[in-house]
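To keep things clear, I will list the structure first and then write my remarks on it.
Order of writing sets the chain letters: A, B, C and D. Residues in each chain are counted from 1.
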Amino acid sequence: MSNKKQIGIIGATGYTGEELLRCLALHPQAEVAFVTSEKEAGASLASVYPHMPLYKDLQLITAQQAAARAVDLVFLCLPAGESAPLARAFVAKNIKVVDLGADFRFSDPAVYKAWYGMEHPAPDLLDRSVYGLPEWNRDKIRSAAIVGNPGCYPTSVQLAVLPFLKAGLLADAAIIVDSKSGVSGAGKSPTKTTHFVSVNENLSPYKAGRRHRHVGEMETHLQNFSGQKADIIFTPHLTPITRGMLSTIYVQTKTVMDKAQVLQVLKDAYTSEPFVHVLQEDYPSMKMAANSNYCFLGAEAPGGKTIILFSAIDNLGKGASSQAIQNMNIMLGLPEESGLLT
Amino acid sequence: MSNKKQIGIIGATGYTGEELLRCLALHPQAEVAFVTSEKEAGASLASVYPHMPLYKDLQLITAQQAAARAVDLVFLCLPAGESAPLARAFVAKNIKVVDLGADFRFSDPAVYKAWYGMEHPAPDLLDRSVYGLPEWNRDKIRSAAIVGNPGCYPTSVQLAVLPFLKAGLLADAAIIVDSKSGVSGAGKSPTKTTHFVSVNENLSPYKAGRRHRHVGEMETHLQNFSGQKADIIFTPHLTPITRGMLSTIYVQTKTVMDKAQVLQVLKDAYTSEPFVHVLQEDYPSMKMAANSNYCFLGAEAPGGKTIILFSAIDNLGKGASSQAIQNMNIMLGLPEESGLLT
Amino acid sequence: MSNKKQIGIIGATGYTGEELLRCLALHPQAEVAFVTSEKEAGASLASVYPHMPLYKDLQLITAQQAAARAVDLVFLCLPAGESAPLARAFVAKNIKVVDLGADFRFSDPAVYKAWYGMEHPAPDLLDRSVYGLPEWNRDKIRSAAIVGNPGCYPTSVQLAVLPFLKAGLLADAAIIVDSKSGVSGAGKSPTKTTHFVSVNENLSPYKAGRRHRHVGEMETHLQNFSGQKADIIFTPHLTPITRGMLSTIYVQTKTVMDKAQVLQVLKDAYTSEPFVHVLQEDYPSMKMAANSNYCFLGAEAPGGKTIILFSAIDNLGKGASSQAIQNMNIMLGLPEESGLLT
Amino acid sequence: MSNKKQIGIIGATGYTGEELLRCLALHPQAEVAFVTSEKEAGASLASVYPHMPLYKDLQLITAQQAAARAVDLVFLCLPAGESAPLARAFVAKNIKVVDLGADFRFSDPAVYKAWYGMEHPAPDLLDRSVYGLPEWNRDKIRSAAIVGNPGCYPTSVQLAVLPFLKAGLLADAAIIVDSKSGVSGAGKSPTKTTHFVSVNENLSPYKAGRRHRHVGEMETHLQNFSGQKADIIFTPHLTPITRGMLSTIYVQTKTVMDKAQVLQVLKDAYTSEPFVHVLQEDYPSMKMAANSNYCFLGAEAPGGKTIILFSAIDNLGKGASSQAIQNMNIMLGLPEESGLLT
C-alpha cells in the first residue's frame, strides 16, 4: 500500500472538489482515497470527469459509505449547514477535516446566525475548529481538528488589508472593497445568472453594500487578527471569466503615505511567505494568479490619505481548493508548499 | 393611431423575441402592438427587458388575450409542436403569421415526423404555408398566409450550397458541413451545457453526423430549390460566442474549379440580393454578420475537386429574427430592406 | 440629391469611426458624405469594412481632400492634439464640428496642458467650443460651432454623480470611482496589452489614483456643472469585453440616505431624458447598454453615509460615437433621438 | 548541487517557453538551469513573468552565453530557420536538443523547402534528428540527438488518423480536416489579427485548403508512420479561446463501419498510452485537454463510408510544450509521465 497520506473528498463533483483532485494529482505525499457524491454515487469518477484519466478507477460513493474509511484527512465541499454531522463523525475517528464551506469560519455561533440566517449546526465543535488563513493563523491550524477554509473574497481582502490594520496605520473609516470574481465562484448549478449569454460581454455588480455574507467573515477576522475594528463596504461583481478574483480596496490612512511606504508595509508582512507576493511596479491582474495558490498584492498612493490596494487570487485556488491543500499540508505536517508551487 | 403596420410577438421573452423587439425598434413602417408570455403575463416588458426603455409601457399578455387583438402580422417564437393552434387562429382572422419554430418548415408531414418524432400538429395548414428563405422563395412568401422561418444552420448552408447544386456543378457525394454556432442558438433555459464555465475556453461538437434535426431541413430544401438530391454529413459545434454562426462546407465538384470560378457562381446567384454578399479576397468570419441580417459568403479551391465554401450569419439575425423581419417586409408589401440595413 | 444632412467623418478607420458609420446607417435625416483616412486614402471603404456593404461605394479620401467638400457637420476621430487645424478649417466654412478626441473638452488651455502635457493647439477656438454632455449642456450645444465630445469614463461618472453634487448632498470627501471598461476603448492599434491572450480570462487595473487623464476631465466638469469642487480617486480596469463600461462609484453624503431617497435624486434629474434611465430594483450591468446610446443608473445605500452609485454605458456608444450623434442631432436641429432609439 | 537533470530554454519569453517553465516547476527529476532571450537578456525572469515567483532568481541570458553552460538538454523555442546553428553547437557538446520550431520536423530538406520556402539551414543534422511524436516514434526518440517537436495541428490530426491509415481501413480519398485553435498558437507578437476586439465574439477561417505549412507536416508523417499516402484538405480556424485545439476530421472508409468499430480501432491503438484517451460516449471538447498533455479522441459514424473523428489537445500542451517535456523524459531516460500527469 502507498505510504502517501490518504485523503477523502466529500462532495467531489462541484468545482472545488474538481480542483482538489487536480491539486492532489501531482502531490508527492498525498493521494485521493475516496470521493463522494450523493447524486452520482455508484458512478465512476471517469463518467463525471472524463478529462481526468488519472482517476478513472475511482468510484463515487456516498458520504455514509465514506464514514467507514480510514483516511488521514477529509475535505468537505458542502453548502453551509451540511458539514457539521460529517465533521463530527470524522473528528470522532481522529480524522482531520478541512471544510471548504462556511460552517467553521466563525467561532461565535451568533455571528454565524446573523450572516447565514440559521442556527449554527454544531456549536460544540467550534472550539476544535480554527479559521484557515495560514499566513495569519498558521500555528493554530497546525494542531486543529477542523479548519474552516476561508471564503474567496475574504481571503483576497484580508491578505491585503491586515498588514495595515495590524500596524495601526488606518483611520477609523469604512474600508471600501470593489471585487471582481470569475463565474466558477457561483457554483456549478445552471442558473439564469450563470448562463453563458448572461455573463459573456457583461459585468454585473450584485449584493452590494453589506448584503453579501462575506462581509461578516471579513469584518470578523480583520478584527480577530489585527485587534482593530473594521467596517466594510463591499461590491462584488460577476465577470466573464472562469477563474480569478481581483479586489480593488480603498482605505484611509492616518497619515499620507507614498507608494514605496505602502508597498513596504506589504513586503514586511509577507517577506517569508511562499504564496503571497508583493509587486513593485505593476499592479496585480487577475490572470497572474490563475491556476495557482498565489496571492499577488500591489498598491497605488495618489498623494492623499486614500490609498488603493490590489489583491489578485484564483477564486478556486488560494480562494478555495489550493488554500485547502495548503491547510492540509500544515495539518498533516507536510512541507507547506507540497504540490502547490506552480 | 399610428399608421404603421401592427405587429404581435407570441413568446417575447426568449432570445428570438428579444431580437425581434430590437429589430422593430427602428423599423420605419412597423411597430409592436402586443407581446405575450405565458409565464410572465401581467408583468411589464420593462421588468423582463430593463435595457429596452423604448418598450417600457408594453404589458406582457397571454397568447389567448392576444388572439383578440387585430394586427397585421404575428411572429410565433415557440417550440416545435406548439405553433399550430395559434397559427390557425390568426390565419382564420386573416392575420399573417411568421413562425420562427419548426412547425412550418416542411410541406410533407411525414418528413416532419421523421425528424421531429411526432405527428405534425396541423397538416391542414401546410398548403397555406411556405418556407421562408427569401433569396430562393421570395414569390411564394409574398402571398403566403404562414411562413416557416428557416433554422439557423439550414439558412447558412443553403445560401452557400444552392447556387452550385442548382447549376448542376456538384458530384454525387456527401456534402460535409462543419458548423460553429454562438450559444444563443441553444436558447435561454439554463442548462449544464450553457453554463458559462462549461462554454468559456471551450469548443464542443454535438449531435454529429445525421443526429441534428437541421439535417432534414437542409436536405429537404436543398432538393426542393435545386431539383438535385443532397446528402448531408453535419457537425455542429458550440462555441464561446454569444451570437454568430460560421459554416465551413466541403463539396465535391464534377470538374476542377479555381477560386475565381467558384466565387463567380456565388456572385451570379446573389448579385442583386441586398443581404447576401460574396467576399472576393477574405474569408467570411463570424463577427462580420453580427447584429445584422447579412450573410457573407466566401470560398477556397485547393486545386482538386473538393472546394470549400464559407457562410457567416448571425444565428439570431439572418438565422432567426431579422430574417423573420425580412419575411414580414415581403408579406406586408414593405420594402424588403426596411429596418434591416445595418 | 438627397435632402438628408451631409456628414463627414475624419478618421473613419478606427473604432469610433466605424461606430459612427453604424449609427448613421439607419439615421432617417443624415447620411455619410465622405470618410477619410490618411493611411488608407484611395482604398474603398469596403476593403476596410467588408461587413458594411451599405457603404461599399464610398472611397476613403485624405483630410485635405475632405476640406473642399461642402457638408453640414464633420466628426473628428483623431488623437489629442491633431484636431485643431481641421476644426479651424471646417469652422471657417461654417461647417459644424464634433470632436471625439480630447482637444475641445476643456475651456481652459492650462487645464488641458496640465493633463495632456502639451500646449493647447488652438486656444483661439475654445470660446467657440462647448463640452458635449447633452443632459447637462444641451442649450450651449445647440448653438456651438464645435462640440468637444466627452470621454467615456467621464460620461459614465458625471451622469451618476452630478445630480448629487448639484443638489449639495455630498460631503467634502474624495469621490472614489472604480471603473471597468471594454477593450475597444483602448483603440485599434495592436499592443501587448490588447493581445487576446493578455486580455482573455484577465482583469487588470491601470493608471490608478490620479494617473488617468480622464480624472482632469471629470473634476473640471463636475465642478462646472454643479458649482461644487470634486476630488476624484479613480481606478480604471481593462476587462475581457469588447464594448461596455461600468462605473461603481462610492460617495459620501452629508446625511444618511436610504436607497429610495438616493434613487429619487437620480430619477428627478433624468425624468425627461430619453437616454438616461434609472433602475429601481436591479443594478445596471454592462451589457444592458451595449450597442446603444443609453446610460443606466442604479444605486445601493448600505445604511451609513457611504452610498454606491452604478453607471453603465457602452464605451463606444454613449461613451463616444452615439453620444456624438446625439450632439449632432442637437446641433443640426434634428430630433435628439433620431437614429438612436435602440 | 541538485542531482536533477539540468535543462536550458532558448527563447523563454514566448508562450511555449512560458509553458515549459510551468511544466518544469513541478517536475520531480528536472529543473531549469538557464533561460535565454536576445531581447530581454540581462533582465530577471521575474520582470517578464512576475506571476512565476518560483523563478524569480533566474536571469535571462543570451543564446551565446548559454552555449557555455553544461546542461543535459536544451529546448529551442525559435522561429523556423533559426534553430540550426544552436542545435549544432549543443549537439557538438553532447547536449540533447528538443526543437519546438519546424526545422527538424522533416527528414527530407526538399520537403522542408517546399513548405517553408527556404533552404534547410542544417541538412547535415537531419540524420541525427527524429520526429517527436512519442506514440508513433518512441524508440527513435529515445536515442536521438535532436527531436523535432511536432506542430500543434499535425499532432491532433495524426493521433486520430494514423490508426486507420496504418490498418489500411481508409479509401483513397482526401482527408478533410476542420481544425479550431486557441489564439496562443498564433504567438505573442501583437497583430491586428490577435487584437482582443478582432478575436472576441468571432471565429475566423484562415489559410484554407492547402495553404497552411502544417499540411506538409501532416502528409509527410501520416505516410511515414502508416506506409499509406494521405491527401489533406485543411481549414484552420482562429477561435476566441486562449488555449486549446479541436480537430474535426472527415475520412472515407473502405467499408461501412459503425461507431463501436471505429472506437475500437482507436482503443486498440492507444490502450497502453498514458496521454491518449478514447472517449466512449461523449465527443471530446477543447477544454478537456486544457493545461494538460492529454489528447482525447472520439468518433461518430453516421452510417455510410464517411466517418468523423474528433481530436482535442491543448495547443500549448500536447501541441507544443508538454509534448516537448514528454520527449525530454524519453530522451533522458526518465519516466515518460514525469511531471505531466494532470
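We adopt the following convention: a contact is a pair of C-beta atoms (placed from the backbone, for glycine too) under 8 Å apart; a residue touches a chain by one contact, two chains touch by 3 or more.
These numbers were taken from a predicted model, which means no experiment stands behind them.
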Chain separated most widely from subunit B, comparing mean CA positions: A
Contact-richer chain pair (by C-beta pairs counted) among A-B and A-C: A-C
Equivalent interface positions on subunit A and subunit D, same or different at half: same
Whole-Å gap between the CA centroids of subunit A and subunit C: 40
Chain centre separation in whole Å, for subunit D relative to subunit A (CA means): 36
Chain centre separation in whole Å, for subunit B relative to subunit A (CA means): 46
Subunit C residues counted as touching two or more neighbouring chains: 201, 240-242, 287
In the complex with subunit D, residue positions of subunit A that touch it: 22, 25-26, 28, 50-51, 53-54, 201, 277, 279, 282, 287-289, 291-292, 294, 296, 339, 341-342
In the complex, subunit C residues that touch subunit D: 15, 183-184, 188, 190-192, 194-201, 240-242
Residues on subunit B engaged by subunit D in the complex (per definition of touch): 174, 176, 178, 180, 201-206, 208-211, 231, 233, 235, 237, 239-244, 246, 248, 250, 283, 285-287, 290, 300-304, 306, 308, 310
